[in-house]
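Got some structures for you, see below.
You will see chain A twice below: alongside chain B first, and alongside chain C after that.
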Partner chain A sequence: MAEASALLFAYCETPVHAGTGRAVGTVDLPIQRERITGFPIAQASSVKGVLRATTQANGADAERHRALFGPDRPEEASTHAGALQVTDLQVVLFPVRSLAGVFAWTTSPAVLARLVRLAKLAGIEGPVDPTRFAGLQPGQCAVANGSALLTPAGQQVGVVLEEYSFTLAGELAGLVSALAEWLVALALPQTPEYAWWRENLAKHLCVLPDDEFRDFVLYATEIEAHVRLKDETKTVEPGALWTTETLPAETLLVGLLATTRSRYDKVNEDGRALLGWLTGKLDGRRVRLGGDETTGRGAVVLRVARV
Partner chain B sequence: MRERPRPDQPRGNGRPPQRGEARPRSGGRSGPPRDRDRSAEHADGERGRPHPLLPSATRMLWNSVRNQVANPGLLFDRFAPEAAVFGDRTEATPRRDFLREVIAAAERLAKDALAEQILVRWEATVRAAGAEPCSVELESRLVSGLGAHGPLEIGFRFDRLGFPVLPGSGLKGVARAYAHLVERRNESDPDFLAVFGRVPRSGEAHEVGQAGALVFFDAYPEPGWRLELDVMTPHYPDYYSGKEPPTPWQNPKPITFLAVAPGTRYRLAIGLRQGVSDPDGRLRQLALGWLRNGLAQLGFGAKTTSGYGVFRNRE
Partner chain C sequence: MTTLFLEPLDVWLFRDGRPFTAGQQFRAASRFPPSPLVVQGALRAYHLMVHSTVPPWDAAAVAGVVGGPDDWGPLRLVGPLVARRTASGEFEVLLPPPADAAFPGRQARRLPLPEQPPEWLRLPTPTPALFPLWHAGEPVSEKASQRLWLRLTDFAAYSRGEPVPGVPQEELWAEEVRIGIAQDSSRRTTREGLYYEARYVRPAPGVGLLVSFTGLDWPEPAGVLALGGERRSARFEVVTSFAPPPVPEPLPERFVLFFLTPAVFERGWLPRDWGAFFEGSVELVAAALDRYETVGGFDLARGRERPAHRAVPAGSVYYFVARGEARLRRTSDLPWPTVSDWGAEIGFGTVLIGGW
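Our next item is the complex of A and B:
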């Protein structure tokens, strides 16, 4: 039973390729997705590996690290389990190109419902009551007052994402502002270089109906084409043309960290203390998640939100 | 000059226009083109509606804000009018006009606060990875992503927000090509192996593979970047599509496309892969030298043999 838990946010600063390695679809190297919803995820095992590598430590901290993640050496693997539980990271905000305002951070009632559920597990009050978005009809979206995404046309106002247009659902603007405020406080990095992001999240935030949101996360991810050239001839090597799918930069992911009491006999600490130590190591940290790291993919900033 | 041949399919058949189906052939005989049937064309030279594939609500909103759009990538990929797909003619230049619109959108983006802020954050990201960023200036035009799928057949590489970034994979390739071709290094050289890593060849054990120690980040343009209109003109289009010898009666075919303007400065950064140490920065300096020399001597992107994609090798 978990003694303490916290939300782990990961903000993508470059495209992130948390891949599956193979596929039978049109993209050669697709990203990991949830089977049921088709929403992008980063698998818990990848995330835990990144956290483990990031927090390697010496001295007393090395023992704490072992208590959290389990023994390093395979031959000791059966001595005790780690105290840390990590979930898959799921998508909270997904950037989509917008006719006005360059791009929109999109989300949906189902995504928010799951965020609220995760937050509750961490003892944090969720941003908004997702059932209040229930009135969102297909073809509608909700944005905050003064949104940068608004496209006026005569009497009407709409939002155009990629080539699809949405009309505004009335009376939800306040809710979107509240959501933006919550995310700015808990999820976005607090460093100075994120000032623009914190100020502009509300203006670019857009809540879409679940179906429309799913279409964007399925069909509006970034697809990068790659070739390998022969140095001598500068022509493509036979068979060396492939496509890679990535989560675009500006995507926000969330997961849950939970800790139990240490099971390692050299560390006698409860889950709260262990999580506190881990939070100190992770909050605000830049790490690399997923594949293609050496070509600049997978840079994310972590934030840990806990009560 | 006679009007150049172009795809002549009826509208609304759901198929994209095909390259190389330029004009109906008469009896399979090659020879000078005959006058085409112009009955399918409208009097104003525009064929069909400007955006037949856009939902009508989107079309209305688009028309009201088209002079304010600041995402050139979105414009380029999704809002090409149908006439632009079929190219320019003597009496109308829809393709050129559309590309000018994209260039104007790029100008708006370059002036947007986001353009500056994204660079500030990029700086923080790469420094966290142990990189010491530097700038390089483009000496000629640069074209990248020509082969990307799109309505205009000739693509252009925009990132999601519409910036003409140089992808890290391409930069890594240029640095590697320079080290290999000019400095004659290969995987038996420990520095080369450390920087670029190694993929096991077929028949080799999986264990000989290793990841490179360095990270080649996408390069971002500095404020002041611009796009330009460029043109290539194949004089024997039917010869290149394998249908005819290079006969003198073929119409030269001007094809307009986008290029990054000379003088644009890019920020480059090479950092460390997580868990790798390079205490004195030697590897990073070495790789950055390869990259800068490669950009100056080999060029980046497409059409480097025609002088595109060349950078000055100094700050």
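Our next item is the complex of A and C:
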């Protein structure tokens, strides 16, 4: 129901624990994932809650805030709907340990196809035609020319991520550079402290086949063990050992923000004006997403890309 | 006429009729596909907010554009139907599991309906007796636990009683359970008692809803609209290539109405009068239907729930015999006919005609 749309990128500066609260698997507190692909997400209700809290305002801005997010008080919830529509944040780049270059930002054709679809809805062209990567064979990857990830693999040069080695699909190098350029321009924070990231994204970017990418996002997240100590003895309380999964720092997520004109009778603004106001409040902002924020989890930098 | 394909950007939530009240019930369940009421609401709301400049808080002006809360305005709609994009870019429509099917293996086969009432049914009763869907002596394979969806292209073969391959539901969508909390933003803590669990629908990649309508100008070839609970997003795309099967005129002597969406009838599973839907004389001889489903919804204009209706579920099949030449009354030029005492204008009782 959109009059205006924008891409919302979230760059993880610390590990992020957007949790599900319970699990039957080996990790006690896993992160949120899509049911069908298993890809990590931050669900829209968490994201909207963070955006709402971040942009709380006074005076005329308070009315605009209400027009966007809907009434704050649950008993007023049915008076009008908010003008803003938020989607889940989906993974775009997932960092994986690399033998050369310390770590790689990995992505896959399916991930890029979704990014292109979202970008198109926001009226943004690109970044690349994802079908061009469809020919990637199992065990192959695509990196840019002059990549920092290259390492000798037998007689050839390849990429080694965790303990898996990949050969190169050399003909796709130009496409990877174009993708990196697009992400640097639209997705990464533009502040001076991100200069290293902007310069190095192309050298660390790696497009993997979908299955390999899926395996990394399923099995290469961070798992931390926690214990609780007894105050008096400083020994572990019986039964107080649990594991928590987090999305690693350097992950890049993306979602869509869409706005209609206001349904709140005190604010008569169209979707573009409301989205413009929201963009001003969010772009470049550092917020906390997910749980455990008092122990340093969930610091993300937001970037809003719109035409 | 416009036909849209709606696909999710992440998950959808279409609440069923069960209550979801803090302190009493912490689980919100979802149904799929949504009822036509949800889709008409989404289309009308989009049309109002994007194609008009009417203030949404001015009820009279809103009614002038999209109709009031109790009429449907100019909108006439059929569907929504579950469909998926094939590798060639075409759309494959999937029919809900038929209530008259057995599912041996991964196939669907219509139960054998006798053309004449069996001997033991010929009773001098004052009310016409319906045929059973099978009679003693006819071997019926045991029902598989999983009901299968049918491809529209297989429907003709299915109507002839041939076994056709079905599509299991898990290939089409999965349930995604999510935990939610309410946070007190001033204290950054969870609010006591406001923990909930919602079961969302996650359609498989390429799976979405197909809906055809008239009465609303729809200039955009693609875009995003809010559909169902939580203003979840649906990407829409205008479809020009899809053509449903033609409605046979006149109707064959022995025909079925296969309900693709729920239908609301005045007398439970029977309408006030079949004559309202047909020209000519037809006689109902058998029916296969599952238990009723409840169709409710939210009235945005009044800010409260709509009254709930009990509906004949999608997948129900009614068997008829036409006495002489009979035709289905068409009230719109939409590609699918609708048969329902309530809501036929917005897609309740969207039917497919088959033979038997």
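In the analysis below, the second predicted complex is superposed on the first by the 304 of 307 C-alpha atoms of A that agree within 3 Å, B and C clash if a C-alpha of one lies under 4 Å from a C-alpha of the other, contacts with A are read in each partner's own complex, and residues count from 1 in each chain.
Here is the rule we use: a contact is a pair of C-beta atoms (placed from the backbone, for glycine too) under 8 Å apart; a residue touches a chain by one contact, two chains touch by 3 or more.
Being a predicted model, the structure only gives us computed values, none of them experimental.
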Touching partner for A:Ala53 - first (chain B), second (chain C), both, neither: both
First, second, both or neither for A:Asp265, with chain B first and chain C second: second
Partner chain in contact with A:Val24 - chain B first, chain C second, else both or neither: neither
Partner chain(s) touched by A:Arg35 [first = chain B, second = chain C, both, neither]: second
Touching partner for A:Ala134 - first (chain B), second (chain C), both, neither: neither
Contact breadth on chain A, by residue count: chain C or chain B: B
Chain A residues contacted in one complex by chain B, in the other by chain C: 53, 293
Residue ranges of chain B in contact with chain A within the complex: 53-55, 57-58, 60-65, 68-71, 73-74, 78-79, 109, 112-114, 117, 120-125, 128-129, 147-148, 159-162, 167-169, 172-173, 176-177, 180-181, 197, 211-212, 214-218, 273-275, 304
Sites on chain A touched by chain B in the complex: 13-14, 53-54, 95, 97-103, 151-154, 156, 158, 160, 162-165, 167, 191, 193-197, 222, 224-226, 228-229, 231-232, 234, 248-250, 286-288, 292-297, 299
Sites on chain A touched by chain C in the complex: 1-3, 5, 20-22, 32, 34-36, 41, 43-45, 49, 52-53, 56, 78-82, 85, 87-88, 90, 117-118, 120-121, 256, 258, 260-261, 263-265, 268, 293
List of chain C residues in touch with chain A within their complex: 9-11, 42, 45-46, 49-50, 55-57, 174-176, 178-180, 183, 185, 188, 202, 204-205, 222-226, 230-233, 235, 300, 303-304
